[in-house]
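Chain IDs A, B, C and D follow the sequence of writing; residue 1 opens each chain.
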Amino acid sequence: MKIKVGIIGATGYAGAELVRILLTHPMAEISAISSVSFEGKKLSEVYPSYKSLCDMECKTQDEAIEKCDVIFAALPHGLSQELAAQCDALGKAFIDLGADFRLESEDDYKEWYNGEFLDKELHKKAVYGLPELFRDDIKEKRVIANPGCYTTGAPLALAPAVKKGLVSTDGIIIDSKSGVTGAGRKPSQGSHYPELNEGFHAYKAGSHRHTPEIEQTLSRLSGKSVKITFVPHLLPVNRGILSTCYARINPGVTKEQIRKEYEEFYKDEFFIRLLSDGENADIHNIKYSNFCDISLHVDGRTNTLVAVSAIDNMVKGAAGQAIQNMNIIFGLDEKTGLVIVPPAF
Amino acid sequence: MKIKVGIIGATGYAGAELVRILLTHPMAEISAISSVSFEGKKLSEVYPSYKSLCDMECKTQDEAIEKCDVIFAALPHGLSQELAAQCDALGKAFIDLGADFRLESEDDYKEWYNGEFLDKELHKKAVYGLPELFRDDIKEKRVIANPGCYTTGAPLALAPAVKKGLVSTDGIIIDSKSGVTGAGRKPSQGSHYPELNEGFHAYKAGSHRHTPEIEQTLSRLSGKSVKITFVPHLLPVNRGILSTCYARINPGVTKEQIRKEYEEFYKDEFFIRLLSDGENADIHNIKYSNFCDISLHVDGRTNTLVAVSAIDNMVKGAAGQAIQNMNIIFGLDEKTGLVIVPPAF
Amino acid sequence: MKIKVGIIGATGYAGAELVRILLTHPMAEISAISSVSFEGKKLSEVYPSYKSLCDMECKTQDEAIEKCDVIFAALPHGLSQELAAQCDALGKAFIDLGADFRLESEDDYKEWYNGEFLDKELHKKAVYGLPELFRDDIKEKRVIANPGCYTTGAPLALAPAVKKGLVSTDGIIIDSKSGVTGAGRKPSQGSHYPELNEGFHAYKAGSHRHTPEIEQTLSRLSGKSVKITFVPHLLPVNRGILSTCYARINPGVTKEQIRKEYEEFYKDEFFIRLLSDGENADIHNIKYSNFCDISLHVDGRTNTLVAVSAIDNMVKGAAGQAIQNMNIIFGLDEKTGLVIVPPAF
Amino acid sequence: MKIKVGIIGATGYAGAELVRILLTHPMAEISAISSVSFEGKKLSEVYPSYKSLCDMECKTQDEAIEKCDVIFAALPHGLSQELAAQCDALGKAFIDLGADFRLESEDDYKEWYNGEFLDKELHKKAVYGLPELFRDDIKEKRVIANPGCYTTGAPLALAPAVKKGLVSTDGIIIDSKSGVTGAGRKPSQGSHYPELNEGFHAYKAGSHRHTPEIEQTLSRLSGKSVKITFVPHLLPVNRGILSTCYARINPGVTKEQIRKEYEEFYKDEFFIRLLSDGENADIHNIKYSNFCDISLHVDGRTNTLVAVSAIDNMVKGAAGQAIQNMNIIFGLDEKTGLVIVPPAF
C-alpha cells in the first residue's frame, strides 16, 4: 500500500516541486493538497504544466492532515510549529520545509527569525534532516526539519574537510549563488524579468538567515564552535545553487589526502557525485535532480581548499531532500522516486 | 524481459535525450550506444549530467545493432538508409530520427535534401511515425520515420481543422519559433551565447526543409494537395517549439464547432492537451515532456483560425515521439515511460 | 539654447528610456521630471543605473509643465487628454507616448479603449507621429500621438508593399514577438522571472488593442479599408519586437520589383536599414537604438511576401521615436541625439 | 583636429566594443581597422548591428598603423610586443588590450603566459593603465598595458582598504563572476547556448592568469608582497563582472572608518560610484558603461570586509578603459566620449 501524502502550501514553488516528484514516486501517492491562497482551485489552474497530471483541488489544512500518513509543509516561516504539534498528536509524520525546527538553539531562532519555540518538547523530538550527514538520527523521528537551500549545498561541500580536520574552522568563507526560484513565487520588483535578466548581485552579505544554520552543521561536524562568512548572490537562472567554499588547509595536509578523505566520506552516497580533478561542479548538470555535485580545487599558492558544490535548490535544497527524508522514516530505499536524470540541456 | 535498445548517434542532442528518457523506461533498457565522434568515451564524459546514471561507453554501430531489438538512429540526414537496410535484414526494428524516410515522394527528397532513395522497397516498408494522426499504420511496421520537430507541432495544431474541412487549405501560414537545441550540439557563430542571447530572428523563411513534410501530412489529412507558407524563427531558450498557425475559416463554420471538432478529434489522446478558451499554449508548460499543448483562437474580424501548439522539440519533436513509436510497435501502452511531469518552472 | 524637456511618468520604462537618451542629446536638456508613484524621490533611487547621471527629484506634473518647452507624457492610457489640453493652452508642445490620440476614429477608441474624446478639436490638432510615413504632417503640429510599439515595426515592414500596391490588402497577417519591457515596470505573475524565463506564448491573439492602429496606418497608405490578423507573443528577452508580416503578392509583381520599391521608398531614411537578400532582421542588431531593420523574403511557392522588421520596442517603439518627433517639430536634424550605436553583443 | 585611431583586431569582441564607443567620441575618429580573419570584409558584415554606422573595410596591420596617431591592439596574447615596437619606432601611441605588457616581472610572464620579454627597454617604457590607481604614471607614456577584465574590478574594490592598511593583506579571497563575452567571439562547446544557458560554474579555480596581475596591483598599493586566492566563474549573461572580495579587517578598524576612507579615496573619480550602505553593486546597473560600482559590507561576526565591485568587462574591463587611457595621454578630459548612460533595463 502506498504512503498517503499531504502537501500543505502546495501552490508555492517548493509545494509544486513536491507534486512534480511525488507524481512519479512508486510508493507514495498524493492524497490531498492544501493552499490558503488558492483554496478551491485546481493545482493545474495555478500551474498549467500539471494539466491532466494533477488536477486535484486545494483543500483546507485539516482535510489534508486527516487523509494522510505524512504531511509536507511548505509554508512561510513561523507557521509550522502548531501544525507540527497537530500532526504529532495525531501520530502523523511531519516534514517541514520551513525554518521553524532547523535551529537547535532558541536564542539563534530569536535572533535570526524573531520567533520563539512554542513547545520545547516538540523541538526536542524534531531532527535536522540532512541525510548524508545525519542519517542515523533521522530514522526514528517523526518531525523532520528539512534544511534550507543554501544550508544543504555548502555544508556538503565542506563536511569531509571539517569533520576530518583537514582545514581550519576559522575564516571559512562561503560564496553562494542561487537561482531565482529560491525567492518564491510571489512577484516583486527584484524578480521582475527585465530587472533581473542580464543582472547579478550579492544580497544580505554577512547577514542572511541561513548563516547560523550552516554554522550549526559545521559545528556539529567539527565539535567546535564555527563562525563563517556567508554571502549569497542572485543568479539569472531558474534553478540551482552553486556554493564556492574557501577554507585554509591545515599544515601538512596534502591535496591527495583531501581527495582520499572526500572519496571515503561519500563512497556510499548515491546523491553525492564527487567530480574528478579538473572537473567543475556546474548547476547545469544537476537541474531537476536530487544530486549534489562536488568539485575540489586546491590553491597551493595560498594553501586554500576551494570546495564547490552544485545542487538544485528546489530538489536537493527542498522538495527532493524532503522526499529523501520521507523515504528514510518510512523504511524505503532512500533513492525511491528520486532517480531523476538531470537533463543534458 | 525488457526491450533491448541501441542508440546510434547517442552523443548528439536527440541521442542524449533518448538516453534521458529510456533510463527510466520500465520496459526497455539501453543495451548499447554508439557514436562516431566519441567512440570509446563514456557518455557521462560527454554529458556530465549523466554521471553515475549512464557511464556506458560508446561502441561501433555494428556492436550496437547486434545486441539490440530496436535501433534508434539519431544521425545527420543521409546516413540512415543503409543502416535501416542492415537492421531490416537482421529483423530488428529501426526508428529513424533523421529525415531519410520521412518524405514519400522521392522527387521531394531530391529537391529538398539532394538525395535519392537507395532501396525503394525499403521505403515502402517504412511508415511516418506521427501516432496521433497515423497510429494504425504504425503498428505493424518495423522501419519508422520519426517526424522532424517542426513537423510534429504544426500539423497537430491544424489536423482537426484540415481533416474536418473547417478551414481552407489555401493560404495556410505557419509561423514557428524554436529553441536552440533544434540546431544540434555543434557550436557555431549562430549558437554562440553572446550572439544569440537577447536576440530573435527568422531563418530560411519560405525555404526550410520541413515545409514539404508538413505539406505531406496536411495533404494526407485533407485529401488535397496543400501548399503552405512556413517561416521558422530561433528563440533564445533551450527547448520548445511554438507554432502559430493561421488558416481561413470556411463559410458557415462557427467558433463553437471548431472547438467541438478539436475536442472530439483528440479526446483519447493522452499527449494532446487541448487548452480551454482564454488559455495560451506556452512552451514553458511542456518542457521535458511528451505533451503537445494546443490553444485555439478565432479572429472573428477576419474569420481566421489561429491554432497554436507547443511541444518540446527534443521530446515530442524527437526522442519522446520515437519512444512512443517504439511502445506502439512493441505492443506496449503508448504512455509507458513517457508520463514525464513538465516542471512548473 | 537647449530645448527644455519635461517628462511626465518618468519612472515607468518609457520614461526611463526618454531620460537615458535625452541625457546625451546635444540640443535638449531635461528640466523636470514627474512621477505620481515616486514623487519626492530621485530618479537614481528608482533606477540605480542612473546614479550620478540623473539624480533629479520627481516633481508634480504642474511643476514639470511650467518649466519646459516640450512635455513627454508616458502615462497609462486615458490620462493624457487633459494634460494635452493644459499644454496646448500654455503653448507647449506635447508628445504623448500613450494611446489617447493615436486613433482618429472615436468609435475605434471607444471600442478598443473604452474611452471617449474629451475635446474633439484637440484631437483634430493632434497628429500621428510615425515620421518615416507621415513626416510632412508632423512638422507643424504641437500635439503628437507617438505610435505604440507593435504599431511602428509592422507598418514599416509593410508600407512600401501596401502603398505601391505590390500585395493584396486582404488577408494580411502580422505575427509579432515582443520583449518583456513592453509590459511595463509593474511586477506580475506573467513577468515573474521563473515563469517567463525559458517560456514563450502568444497572447490576445486577434484581440490586441494595437490592431486598429495598425489598420489605420495601412488603410491610410493604401487608400482602402484594411483589416489584419494580428497576433502578439511574449519573448523572454528584455527588449525588441520582431514582426513577421505575411501578404499575398499581387499577380505579375516580381521579387526584384518588390526589392526595388522598398529601396526607393526608404532610400533617404537613416533609421530604416533595409537588409540585403539572404540576411534576416534580428532584434539583436537594433537593441538600444532607433533603427528599424527590415528583411524581405519571397515565398515563390505560395506567392507570399514575408517582410520582417526588428525594432527596439523602447526606442523606435517608444522613447526614441518620441525624440525623433521632438526633433522634427523643433526644426532639428531628425537624427540629433539618436545616432546610438546598437551594441554588437 | 580629431585623434586618428587605428584598431588592430577590430573584429574580436574588444575591438568591436572599441568601435562602438569611438563612433560617438567627439575628439577621435576611427581612421583604420584591421583584422587577420576578416581582411577585406566590412566590419558591418561581421557585426550587422553596425550597418550604416561602420561600413569600413578591414585592412592590414601596416595600413592601420600608418594612418593613425594611436593604435589599439585587441589581439591574442603574445602578438603585441612586435607591434608595440613598430609603433614606438614610428612615434605612435600604442594601447594594448592584451597581456604582453601587463606584468612587470618577466618571471611572472614566463610562468603564467609561457612567454618572454622581447625588448626589455620597451617594457620599461610601458605603463599599467589603471587610471584610478596609477593616473600620474600614465600621462607621459606612449605604450599602455590596458588591464585585464578581472584585474580592474577586484583591485578597485579593494584598493582603499589595502592602501590605507584597513585590512590584512593575508588571506584575501576574490570570488569573481564574469559574463560570457569575456571568453571572446570564437564559438566553443562551453559557450554553446544550450550548454551555458541556465548553467553556472567556477573555472581555473586558483590558477587563472589574472592572479599575478591582481597581486601586482595590490602589492604596489600596499607596499607588501600580496598573494590572493582568485576563483573566476562563468555567468549566463553577456556582459559584466561582479567581484566579491573578502579581507579580514585589521584590529581597531571600524565600519565607519572604512566607508570614510573609501569616500575620500574615490571622491574625485567620475567612473567609480561608491554605493550607499544597504545597496548592492549589480552588473545590471553598469552595462555598456565605463562605471565601476562598489558596495561595502562589513560582517561584524567574523570581522570581514566584503567589498563588491561591478564593471562591464567589455568597457571598464577593456575598451572603455583603453579609451580612458587614450584620453589621458592625449590630454583630453578623461570622460570624453565615455559618459555612456547604463540603460535601466
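Keep in mind that, in the parts below, a residue touches a chain if its C-beta (ideal position, glycine included) is under 8 Å from a C-beta of that chain, and two chains touch if they have at least 3 such contacts.
Values in this document were obtained by computation on a predicted structure and should not be read as measured data.
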*Which chain pair is joined by more contacting C-beta pairs, C-D or A-D?*
A-D
*asked:* What rotation angle takes the CA atoms of subunit A onto those of subunit C? Round to the nearest 5 degrees.
replied: 180
*So, what's the distance in Å between the C-alpha centres of subunit C and subunit A?*
47
*asked:* Could you work out how far the Cα centre of subunit C sits from that of subunit D, in whole Å?
replied: 37
_Rounded Å distance between subunit A and subunit D, as computed from the means of their C-alpha atoms_ = 38
_Numbers and ranges of subunit C residues touching at least 2 other chains_ = 13, 181, 194, 196, 198, 236-239, 282, 284-285, 287, 345
*Which residues of subunit A touch subunit C in their complex?*
13, 179-181, 185-189, 191-194, 196-198, 236-238
*Provide the residue numbers of subunit B that touch subunit C in the complex, in ascending order.*
171, 173, 175, 177, 194-196, 198-203, 205-207, 211, 227-229, 231, 233, 235-240, 242, 244, 246, 248, 280-285, 287, 295, 297-302, 304, 306, 308, 310, 345
*Which residues of subunit D touch subunit C in their complex?*
13, 16-17, 19-20, 23-24, 47-54, 181, 198, 238-239, 270, 273, 275, 279, 282, 284-289, 293, 314, 339, 341-345
